[in-house]
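Just dropping this structure here.
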Amino acid sequence: MFWQLFISGAAMGCVYGLIALGFVLVYRATEVVNFAQGEFMMLGAFVAFSFTSYAHTPFWLTVVLTLGIMGVFGMLLDRVVMRFLSGEPVFSLIIFTIGLSLFMRSIAGMIWSTDTYAVRSPIGDGVVRFGSLAVAHSDLLVMAMTGILVLLLYLFFRFTDLGIAMKATSQNHFAAYLMGINVERIFSVVWALSAMVAAVAGMLLAPILFLHKDMGFIGLKAFPAAVLGGFGSIPGAVVGGLIIGISENLAGGFLPLWVKDIFAYLVLLAVLIVRPEGLFGIQERKKV
Amino acid sequence: MALLEIVNMSKRFGGLHALTDVSLAVERGQVHALIGPNGAGKTTLFNCISGLYRPDQGTIRFRGKDITRTPAHRIPKMGIARTFQNLELFRNATVLDNIMLGRYLHKTNGIFSELLFLPGVRRQEVAARGKVEAIIDFLDLQSYRDQVIAHLPFGIQKCVELARALALDPEVMLLDEPAAGLNPEEARDLCFWIEDIREAFNITIILVEHDMGVVNEVSKQVTVLDFGTVIAEGSPDEVQSHPAVIRAYLGEEDGTAPSP
Amino acid sequence: MKFKLKRTYEEDLKIFQYGSELARAGVGVLFLTVLPLFAGNYWIYNLTLAGIYSIAALGLNLLAGFTGLISLGHAAFFAVGAYTVGYMTSTLHISFWLALPAAGAAAAVVGFIVGLPALRLTGIYLAIATLCFAFIIEQVILEFPEITGGVNGLILQRPSLGSWQLNSDASYYFLVLLMVMLFVWLTKNITRTPFGRALVALRDSEVAARTTGVFPAKVKSQVFALSAFYTGIAGGLFAPLVNFVSLDNFTIMLSINLIAMIIVGGLGSIQGSIYGAVFISLLTEFIRMGKDILPAFISQQVGFQGAVYGLVIMLFILFEPSGIYGRYRKIKYFCEVFPLYRKDTFRRERKFQKAQRTR
């Protein structure tokens, strides 16, 4: 029972982690708190869904097209809007992205209506059995994809020029400019990357949880995951997501139902009280 | 007995030994300068006195009382004020508000009286304002009174920080590089002000400074730090001709090995 | 340019520095007082609602605008205030006039508790932590149906003054108008006291504030409690207005609306809180009215209201981040120095450094 809950919680945690990952990527580079990250995920899921159900494209093509479209979307968002908001106080950015999330939800409602859609996972509904444990194929896919994505991102940041440039920009925009890094282009890439990660999360989540214009609300669980991980690192975001997903599921199995809904938040508050900068966050103090 | 005593203080930041076994004694009514190359640990020393850092070892005694573990917000109440190397002003507030904050710890009314702006609160506000205006007159800040800090030139901002420290009615003022960024005229004005402050308000001043002109002009006693240890102590003239000090600032002559 | 020769420090402490300011405020209050005579009940009701939200917005601005502490969970304090009044008047049959201050006090206690972890958290961490608190309080409200009516909520009557019950929209409107003026006065008082200065100090440089004798933990918990007090009173006024309390009113959308109000109105300004509250409250009404005017294929869309609302918020932040009050100040300055206004007076310089400042 425990392990069953653990595994399915881990799968859910990976989805939280993926959303949190996109969130952290943008935040580290541009200092923008993107409360619309959940809606990015929703948009990615709907775009993929539209391709498969209306254009009947094969699965691999759908994935490529969706990632491409979401990448362009992220880039356009940065060029047209976000770039004018650099340097604004945190509060303004938060409310801006909240407004954006509201806008995106409403537009999605207009395009795809407020119906809930059930989506079949590309690898079917099968289940793998490990002794008494039953793990759904879609859960396995989620965890595998998350692992692959984290690995790819790690390699990207460690070994590619663009990745190193992004890390440099995260630390000091001005110095990056002086080093000849095209900071504006880096920002666009970061937003595009974040949107694509969200799209992956969306495509993985849709079969598990249904497709609906409000599915972005799950982002509200992902933000605590990002904070739990401490905004310090990408693995941190995923670890945060896993902790939230697993503990939430375990709580649901052993504690009264109403606690399950808020368990994630209680865990987060507990961690923040002990470590105000999150698990992997760096404690920043001003040097005077 | 010295007014402010530091005994065997050490402070580490991980592997970085910012201060090692530093001892210092400041006599009442003096201007005591603290000099040394960059990174010597002078600001770290100030931060320990202010309660912003907690030293790993050693004690700080003020008027005989141990203040090593006193939290930062209680230090001003004991009578120690400070200014910052890179200016820590309240940038979105006016000059007047900044200096008025120096009178914060002298308030006696609680939040309920303040909400209702009872006569007691009004009286204290007016009294505080009177004191602050006296300081503004002393430092010639009248024309800047209602301007927001962010729009003011650097020299004036430094002046405001000095004024805020004065408004605390301290016994000791820690000035961290007050002459940094000032042109020679302003630096000379600063020397006059330091002298005036010492005489008029009977305040003991500890000064971190790189400008040797200012140091020679105002200080009676100088302590030299290098790499976190005290390498010399004495009057400005004694210290400036001390071989260890010359070595620390200018390095060795070619061909001579450094001696311990 | 206006000049006022002041001879004593007391004169500098006055709320209305110029006679014209006092006159303008007086005219404004007079206008609002006689409004019920010719405006319909619909508008009076909505203005009352706007007034209630402006008290909550004032509270949030104290916390976020003055002190720089972000709270995404203010709806929780609003709910505590509303439920306290609901429970005390309808279940315990205690007079509204006792229940209202109790609502404020209850919210203040909750605010103090929420503020405790906030003492060590900053920026986005604080924002998310307050959000979590809001969700938790929401859940707790559901779990005590004996007090809160659970999912069904509570039904209330309008309060009475002696034998006169404030049933009409106009009578409740006056009550709220008086409360708004009271809270504006209280907040104005704060700005001219050491406490108010300490708040701004904490926002600008907590380190320097500590070295001037401000104890951050104490001041932060006080302002949290105070901000919650304002919002609790607002919630307590809200409950009898709509005669009904239920969790639907206190979702995260309310927290978002409150933040939108102070950002659109102007962070850190008293007038801004009021303008923002009125603007956002009436915005939903205007969008609804716009639905009737616009061609059917746009307005009949299901997400129309949400889309317009989101768009308005985004446009405001893009083009006027200092809010309505900011724009008002700019226009006023333009008129004052006309025709010598320099075109780029308010141009913001390009910022490279990280927006977030550490303490």
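Per-chain residue numbering starts at 1, and chain names A, B and C are given in the order in which the chains are listed.
Simple rule for what comes next: a contact is a pair of C-beta atoms (placed from the backbone, for glycine too) under 8 Å apart; a residue touches a chain by one contact, two chains touch by 3 or more.
For clarity, every value in this text was computed on a predicted model and none was experimentally measured.
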Higher-contact pair (C-beta pairs counted), A-C versus A-B: A-C
Closest chain to global C-alpha mean, per-chain Cα centroids: C
Chain B-chain C separation of Cα centroids, rounded to whole Å: 41
Chain centre separation in whole Å, for chain C relative to chain A (CA means): 32
Chain A and chain B: spacing of chain centres that average the CA atoms, whole Å: 48
Interface hub residues of chain A, defined as touching at least two other chains: 288
Residues of chain B whose C-beta touches two or more other chains: 52, 84, 88
Touching two or more other chains - residues of chain C: 207
For the chain B and chain A complex, residues of the former touching the latter: 43, 47, 52, 84-86, 88
Chain B-touching residues of chain A, taken from the complex the two chains share: 288
Residue ranges of chain C in contact with chain B within the complex: 8-10, 12-13, 186, 189-190, 192-198, 200-201, 203-205, 207-216, 222, 226
Chain C partner contacts - residues on chain B that touch it in the complex: 50-52, 71-77, 81-82, 84, 88-93, 97, 100-105, 107, 109, 111, 114-117, 121-122, 125-126, 128-130, 133, 164, 168
Chain C partner contacts - residues on chain A that touch it in the complex: 27, 31, 33, 81, 84-96, 98-110, 113-114, 172-174, 177, 213, 220, 223-224, 227, 231, 258, 261-262, 265-266, 268-269, 272-273, 276-278, 284-286, 288
